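Scrolling down, you'll hit the structures one after another.
First chain A sits with chain B, and in the next complex the same chain sits with chain C.
And then the complex of A and B:
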């Protein structure tokens, strides 16, 4: 029973992280029709920046000056930094390519992935960075005879808040209306006087912010290591294939499915843990080629 | 002669397991290890064309924290040799590098490119056991002298290149890793019966799982595997694997997760209380660059170094070659070496020594055949101790080593406790030359697996 509870919590934790990444990936595709292969690298960069900020703050602050709240407030700085990076990338690298075939998008974002990997190694070195002080400060709660880190619950809450916030933003604000209009028909939106270029920068920056936030919240629980973004990028693609590329609900449901299946795989049939995920993705593609929530 | 009902202590004594105590460093006159000695003047005419070496290692990705020290060891040795005029005083070393993270197929292409268009004289490096079995046959086919630094799977010599001519390997054979870990664990925690495993899902993890399991069950009767976790290489979320291992109520958790993956794993395991509820033994936890392990790492666990080398052992002046190597490495790179640094550094000196010996016999720049015949059977002094290149399979063997983690004030990271190092003579834990290989009379994973199964007694 204890194990069941903890494995369910583990699944929610991983689903929260996957959702943050997949939602950004999906948003960017939904609005701009760009499959951003560099998304995982942006997630990793968010992890590095946050770990670096928290690490240097802990290193310099006189013991006790920087409370838990202080450290938690520093975390989103990583996400903001990635949003800024996104706002730079879109007009310089992506804008010239919108009229070109998709292969160009894949090539450029894949190149960007390689460049970002090298930048992280060059700037932060190859030694893993940690923001573990936050997790240690929050302690663990006993679950039966075992324990569960309190911080992981915080990450689940962040994931949930991000899902609600993003939904409200897209479906309940004027900017959301503009965003959806641009996504449905870019030329019509432009004809109606919407500044499409500005919408694109904003959408890309928000997508990057989500990736950076994913990295920022995950780093106190793990560590910022080189290649951090590779595995989650692949899983995020499985998420959006299952959920439907471009769909927010799809990202949420997909993240939950992938995370729970992965945990069940690890617990009960470790030999085929990965295969099961791809089988589910393949089954979804056969029955609903656009994903559970995708539109053609 | 069958041995039955041997007790554990006497069998461990037979294995020659030594738990090392550090002696206080005393003033000993400075000594010169082989790598620092100046050779006699070369015979004959030596061309002064530079020697071109290809070095492949993980420069990016989570493997870099384990692999980049290999390149640093290589560069340090090359700089030292070049500062003295090069090999045989004439031929300086030029190195071209390649990133092993490109993937096995790309690595094979890169080796071909290095030989065919860059015309390298020797190929070295390589960290992953997934890569050496693909690169070894290509090295043989291209006739390029190759000394792998790592990628130490038994499979390379058991199956992929059973009769090597051009390929060598300097780090300890992989089966020694799991066996060393099992011997140390059996000695420290003989009451552990319920074993949980967490290993990366590829050849290294499988090899560690097989050999640990076999050796440990020989040394501790009545053990059972209560949980298996096979995280993908490169994963950083281990929460489900940790929970699964803990849920099986193990006495001992064994892992061969390495590099950046291990750093992420131990930090998660700490917060789940994994180290409070069970003993922990790793084959390779401290194999990374030493400073990657924080002081938050649990103390008193078996934190293996791939059964090869740790920079604090032997301590002080007990083995001057190590003291001198660590000082030089620190001075050059401002960090401490790992076992890959030791392997890559001494690869070059081993090559240099082989060339010098061959030169004394034949004069001039020796033929590759002559260099190879010098490497075969060579006994060589390294920072990690005496290294022996077995002629039958071109594999380097040295006494296996592991230890227990400890925080000390002298280092800003956690180290292996110099007072609790475990060393085992390598010939006691590895199959002897010409022991049947898999597919020849048995189908066990490795020759060593079969040898242990057939010849070790089951302790009572």
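And then the complex of A and C:
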């Protein structure tokens, strides 16, 4: 029974991280119709930057003065850094390509992925980087007869807050209205006086922020290593394909499905755990290409 | 070089390709063995890219999962060599191509139900099914260690050529180069005929305007499926030829970044022309080899090349040269 509870908690933890990544991917596709192959690499970069900040001299100073709360506040800096990277990438690399066929979008983001992978290798080296200090200081809570890290529950809370925040942002603010209008009809939005270029930069930066946040919250629990983003990208794809490209609810439900199937898979059928996920994605694409929540 | 196969220019094509073939045949006698090995890899990847381009360039479908067919061919060879104990290259080719055909037929049947981005994601997802199986079933596939297929046991041309005894590596390099060259020529010829046949024209019609193609009476989905299978088989052949040269097959060739490399080399050469993928594959192979040899950060270098290519030279090497040549010709007139 205790094991079951812990597996469920693990699934929620994993779903929170996957949701952050997939929501960014989905948002970018929904607004600008770009499938960003570099999204996983941006997630990995977020993990590296956050771990590096926490482990740096600044991190130690903050830890000394403010303790755990201060360190937690340092984590989102990684996400903000990734948002800044995104705000640089969109106008330089993506904007010239909107009129071109989508093959070129895939290619340029694939090139970006290769570049980012090596930039991480160059800047952070080959040794894994972690912010485990945060996880240690948060301690653990008893679940039945076992102990469960409190930090994992914190990540679930962050995921939940991000989901609610993003929903409120998109459906309850003026910027959200502009964002949705631009995603539905770019030309009409431009004709109504919306600065579409600026909306695109902002949307891409928000998407990158979500990827970076995913990396930032995962790095205290799991070290940042090279190749981290390549693996996670395909899982994020599976999430958005199941949920529907461009749909926020879809990303949430998809992340829950993927992480619960994965946890069950690791427990009961470890050899085909990944294969099952990819097959689910393929099956959903066949039966309902727009996903569970997508629109055509 | 989007040359139409009209009566006058088909002679020119025959002559030009004959000259190129003679040059390729003489080359190993001039350059050192290392270059011969590189060129062999280049020709093998050229077969893969040519097959891939039947889908991208001629049918208008971007597959991000062609690693699946390359890998199926490679693993089929490895299984035949290890589990059946066979060493005949011809047997590898037949077995590997049959294996690839089965996988491509199943995957293609599923994938051609969609186009554009959904097609790309579907091919990607299915190829990763194979990758995860090769990765996880280590007692069958050797996991990340892969399966070794040593060249010393290999026999070519029905057992007439083998590589036992002293100096066998040298002999293998040369013999294998010519073996690959012959298969490369045959594959190129077959694909040339296919792309210039009524079937190939129908594919291009589908690429340019699906609705009209359907009105003309072309059964779009079936044509796409057949193109998918042909494309997969040729990429599979490349995987088959690649294994003995590499001596080892690992899950890396099933992983999705390898599919990206196949797309990369095709675009590098230019996917709007028949010869583009050949030039692109050979150029990419040299580029990657020298990038790896000269810097630890070779991915960065390749990434920058790819980004510049997409931004500045979307027509690729062949397309750009063709345009420059056309400009020059106009100026001299």
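Just so it is clear, the second predicted complex is superposed on the first by the 288 of 296 C-alpha atoms of A that agree within 3 Å, B and C clash if a C-alpha of one lies under 4 Å from a C-alpha of the other, contacts with A are read in each partner's own complex, and residues count from 1 in each chain.
Operating definition for what follows: contacts are C-beta pairs under 8 Å (C-beta built on N, C-alpha and C of every residue); 3 or more make two chains touch, one makes a residue touch a chain.
Since we're looking at a predicted model, the values are computed, not measured.
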{"item": "Clash or fit, chain B versus chain C on superposed chain A", "value": "clash"}
{"item": "Partner chain in contact with A:285 - chain B first, chain C second, else both or neither", "value": "second"}
{"item": "First, second, both or neither for A:177, with chain B first and chain C second", "value": "neither"}
{"item": "Partner chain(s) touched by A:117 [first = chain B, second = chain C, both, neither]", "value": "both"}
{"item": "Partner chain(s) touched by A:274 [first = chain B, second = chain C, both, neither]", "value": "both"}
{"item": "First, second, both or neither for A:238, with chain B first and chain C second", "value": "second"}
{"item": "Partner chain in contact with A:147 - chain B first, chain C second, else both or neither", "value": "first"}
{"item": "Which superposed partner A:230 touches (first chain B, second chain C, both, neither)", "value": "both"}
{"item": "Which of chain B and chain C A:135 touches, first, second, both or neither", "value": "first"}
{"item": "Location of chain C clashes with chain B - one stretch out of 146-154, 182-190 or 200-208", "value": "146-154"}
{"item": "Shared chain A surface residues [contacts with chain B and with chain C]", "value": "117-118, 121, 230, 270-271, 273-274"}
{"item": "Residues of chain C defined as touching chain A within the complex", "value": "56, 62, 64, 110, 113-114, 116-118, 120-122, 124-126, 128-129, 132-133, 135-137, 255-257, 260, 263-264, 267, 296-300, 302-307, 309-311, 314"}
{"item": "Touch list for chain B against partner chain A, complex", "value": "60-65, 68, 101, 228-232, 234-237, 239-241, 243-244, 246-247, 259-261, 263-264, 267-268, 271-273, 277, 289, 291-292, 294, 296"}
{"item": "Complex contacts: residues of chain A adjacent to chain C", "value": "35, 37, 93, 96-97, 100, 102-104, 106-108, 110-119, 121-122, 230, 234, 237-238, 241, 245, 270-275, 278-279, 281-282, 285-286, 289"}
{"item": "Contact footprint of chain B on chain A as seen in their complex", "value": "2-3, 6-7, 10-11, 13-14, 17, 117-118, 121, 126-128, 130, 132, 135-136, 140, 146-149, 151-152, 218, 221-223, 225-228, 230-231, 262-263, 266-267, 270-271, 273-274"}
